[in-house]
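A single structure is presented below for examination.
By letter and in written order, the chains are A, B, C and D; residue numbering begins at 1 in each of them.
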Amino acid sequence: MPTEMAAHRIAAYGDADAFETDTVPVPDPGPGEIRVAVEASSVNPVDYKIRRGDIPDFAPSLPATLGCDVSGVVDAVGEGVEAFDVGDEVYGMPGGAGRQGALADYVVGHAGTFADAPSSIPLADAAALPVVALTAWEMLTDKADVGLGDEVLVYGASGGVGHIGVQLADWFGCEVTATGSTAAKRDFAATLGADATVDYTTTDVETYVSEHATNGGFDVVFDPVGDDHLETAFEAVRPYGAVVTTESSAAESLSLAPMHAKSLELGVVLVILPVLLGEGQERIGEELSDIAALVDDGALAPHVDERFAFADVAEAHRRAEAGDFRGKILLVNE
Amino acid sequence: MPTEMAAHRIAAYGDADAFETDTVPVPDPGPGEIRVAVEASSVNPVDYKIRRGDIPDFAPSLPATLGCDVSGVVDAVGEGVEAFDVGDEVYGMPGGAGRQGALADYVVGHAGTFADAPSSIPLADAAALPVVALTAWEMLTDKADVGLGDEVLVYGASGGVGHIGVQLADWFGCEVTATGSTAAKRDFAATLGADATVDYTTTDVETYVSEHATNGGFDVVFDPVGDDHLETAFEAVRPYGAVVTTESSAAESLSLAPMHAKSLELGVVLVILPVLLGEGQERIGEELSDIAALVDDGALAPHVDERFAFADVAEAHRRAEAGDFRGKILLVNE
Amino acid sequence: MPTEMAAHRIAAYGDADAFETDTVPVPDPGPGEIRVAVEASSVNPVDYKIRRGDIPDFAPSLPATLGCDVSGVVDAVGEGVEAFDVGDEVYGMPGGAGRQGALADYVVGHAGTFADAPSSIPLADAAALPVVALTAWEMLTDKADVGLGDEVLVYGASGGVGHIGVQLADWFGCEVTATGSTAAKRDFAATLGADATVDYTTTDVETYVSEHATNGGFDVVFDPVGDDHLETAFEAVRPYGAVVTTESSAAESLSLAPMHAKSLELGVVLVILPVLLGEGQERIGEELSDIAALVDDGALAPHVDERFAFADVAEAHRRAEAGDFRGKILLVNE
Amino acid sequence: MPTEMAAHRIAAYGDADAFETDTVPVPDPGPGEIRVAVEASSVNPVDYKIRRGDIPDFAPSLPATLGCDVSGVVDAVGEGVEAFDVGDEVYGMPGGAGRQGALADYVVGHAGTFADAPSSIPLADAAALPVVALTAWEMLTDKADVGLGDEVLVYGASGGVGHIGVQLADWFGCEVTATGSTAAKRDFAATLGADATVDYTTTDVETYVSEHATNGGFDVVFDPVGDDHLETAFEAVRPYGAVVTTESSAAESLSLAPMHAKSLELGVVLVILPVLLGEGQERIGEELSDIAALVDDGALAPHVDERFAFADVAEAHRRAEAGDFRGKILLVNE
């Protein structure tokens, strides 16, 4: 067993060039923790927001190893851990925010933040899932509690959270309307299970509500984009409906008047919360088990747009920040 | 059957002196509507906000008969109405916003906005219930979905919605902590079923959370007050908890950052919505039936602080706006 | 519009030769009813049990037109029916038990017993669905209330109800173990979505429980077969689990001791009940709408083993009673 | 700490005289167990059935200390137990079936089979609750899943399980109809919260269904009596309703035909199951916590008909078997 490993870290907040490859000690799992030999990670907006210094409360201590998503093989098991054995193939969300992350040869995290990886897709690809699938899952189940026949409007359907949201909502038996700014994005959404697609750049809310929603609006608006989408979400949702979102940046001065006018519900999801709090981590692993079961049953698959080696993480972040991709950008520990 | 009746109306928005007593034709029920000989109404904030001109979108057309709450006896039944017969004692929320209200000898409204009045309290007293009980009900069931053992913090526990909220949350098996600014208000909350009370003027949020909540915050914060209470609500609720409110006036520039930081849910209730929309009115009557059953089973009672004759509605509004009362102010058609 | 039509009827209970082709008046829809030009029907055990005289309480009055399942085109609409227009393609379960059935050129039934046919399969094939899909649906939702990750054992997985049960349980995210007496039947079950299959003729209950169930038994045992299967169902289910069944014939002298020993729940489904009672028919149409949505979303498909013309209904019944087929036997009104 | 204690045991199955008072070693708690200094126990049918030898599979090994219910003070805590400390006042259902019971100075059981005793009633009286309150709770929640407004028929409403069932069903907001063979029993049921009572010795099922049920039968029939009550239960329940029971003795040759005819659900509760299985005991403690909360909130109280000293357990059993009492017979460790 090596005592040192490579870690792709930032010594200070900055642009994508901030990443450096350092040699650091291999961490040991404490009680209740496991150590995982990292196969892959992926890029999520939370990663580059941390890197930029936009959300310092979420950042691991500097120098910081980023990377919230991970897949790999269990390599050591801390005291009191019964759920995993050395050699298990797992995926999880152990750190990258709140504590050191996955862009290294090994990562240590609370056992509750892992689950057995899906067996029907390559282990590396499983690293595309945790943050986006947990987010979409909590939006649709905990917050919106969607059911068969619900009409769901999905913004940003070709993005990380969105492309999982379309598949999950479809699997829950919802009628899914997906927005996309280009024909290619809308076609992609249709292949994921969207029953209808909308070019929101040329169609106003009133028009697509009247075409695709039957009760004066959608039962649920799924917004993984935030910004000004939240305003149109309140327009597009029906009276007594629900809006679920992940973002708060642009919502600094949100008016509640539209929520009052329609007697609405708003749910905001932050999946990394148990890692930040250092408690309740088991919910992550339990949800990842459910998600893995759906993947193995053919209901859900991550779409990987491009793969980068850990050494090329700067380039991967640049592509992610540019926004011109579908699904996820994977980082592989070559 | 008389063809004319007294109606207490406002010809224009204004202070409490705006009320005039007019003689107007007795209205006839259209298809799906009933006419009720009015026994009583009560004062809710929505009534004086309409009177002041604060929420013109909600106002009946001028000259406007206000009064959302009503109890009385069915006097005529429109075409297609099967749920009620002439002579039935009912209570409801047929108008006062969106259409003409109850401060008259007769009111006409959609049959779906009425239910059989509770049989265990005087018919007049039933008029203290609709707006506040429907609001508390929708906050606790539709929005917060409280269950046995949930820890619920109730703001404004001695007010109209609050004093019903305490009783309902207690009936649902919740652990209720109620806030009150005076010892008398807190004692009142305790008699309603609050398991603990808090003087929020001398106790900071962190302190009462650590004393009365076991998971780092309350499962649900019930806020019928709005204003700056919403900010402290986000402080007092636990991660993954829910805040339910009725108000949006002070929430013009709400920041969603606290909701994101705790992965929260926010529900905003507007009970009068089906009357404003002119559709889905049946939900009002169905909920009022459940509420009447709870009253008759001893689980819930309205507290009437003071009674005024319809002719003294101006005085009743002044007292309501001054805020120095507990439970409800009743208006009786003498 | 013709005033007479062909109806395939039995004048008295008997074997498959009892069917005769009669010319009878075309029935008119009463208030709340619709008339459907019949495209197809299918054979269910209830049909030949009625024909034999095994369940005379369920039989239409003699001479009786059998056939519970139907698909076709709306041809006339009774007073007060708003859900359907002439020309709509529908499927349903309007009669065949309790009132005259579908083996005729036209069938009349309560509008609530119909729904729009799935649009993604031929209209005739939709007639394979109502009885078996409603039965499987009510077993898994109303009675067993299955959820993601539940372990479900399906008996008779290649039969009418069973082959839909496997697909639905799989769609609900269950882990499905299916029994079958031949390799061909088990392969069929696997293609329907069964995660594991068992040859119950060579494997005892204890063995397949230990191989395929993780909590000392299956969460739910789905038994569309009855007979002695119910006894093994109580053996195969876990403590606090549920058994759902459709059959009672062999259960004349059931002992409740096994249910007591494991604190179990037993649900018995009779889908035709609203037709027999003449009330609550809307639940049929509502469930058929949900089922059609699943068909159109690719989650569910009927398997048609063989097709017979209405004129050959005797032969179709003989094949159904012999039991040597998979999925359904369709009857087409040629 | 004494090393020996008194235990009221049976050396062999027999009538009530079988009890002897023996001196035995004080047992030590193993890992995950606690030892409780016994304050009181109570008599349940399961106790005298075990004593008679009717259900040998449930009996502790002979010589057997009976008594399933217990209240007392925690006296020693086994390895790994964090939920309780020495000195805690608790109530529970640790043994009496499957393992040695409570009719002794000390009882040892799995920590999961205990909860903090209600604080608003005497500690001894809490021993009247576990078996009957857990049974009624699991019948109404797990099995029947009752809700506001459900019409519930309670057989044997003055008995052990029945008198809790009436209170709980009332608390859940159900309309409760209770049967009783004497005016005194029916009055007792009314004081417990029954909305209507029926003398089933003079009123046939059809009559009381038509008087007290609105949908052709009760939503739920709650039968803690068994015997021929189960047959009338199937008569009294509405189509698609649920029957919940505790008993199987008389149901040896139950016909499922009535369940099929109404598309019913049947739940059978055996509360002692986790003790017999030696797994899943936590559900007992969790339910007892909820029950204690209801007691302390005034929603539920055990009715103690008579109190006996442990030394008079034979007399207590005779009275219990005679059946002429209301609520519970308490056994106090004097």
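Some points to look at:
Here, a residue touches a chain if its C-beta (ideal position, glycine included) is under 8 Å from a C-beta of that chain, and two chains touch if they have at least 3 such contacts.
If you want to know which protein each chain is, UniProt gives these names: A, B, C, D = Quinone oxidoreductase.
All of these numbers come straight from a predicted model, not from anything done at the bench.
Farthest chain from subunit D, judged by C-alpha centroids: A. Centre-to-centre, using mean CA coordinates, subunit A is 41 Å away from subunit B. Chain geometry summary: the mean Cα position of subunit A and that of subunit D are 48 Å apart. The set of subunit A residues that touch two or more partner chains is empty.
In terms of which chains touch, the assembly is arranged as a closed ring, every chain touching its two neighbours and no others.
Working note: touching chain pairs come out as A-B, A-C, B-D, C-D. Listing the residues of subunit B that touch subunit A in their complex gives 138, 142-143, 239-240, 247-248, 251-257, 259-271, 273, 277, 280. Here subunit A touches subunit C in the complex through residues 148-149, 170, 173, 175, 193, 195, 289-290, 293-294, 297, 299, going by the rule given at the top.
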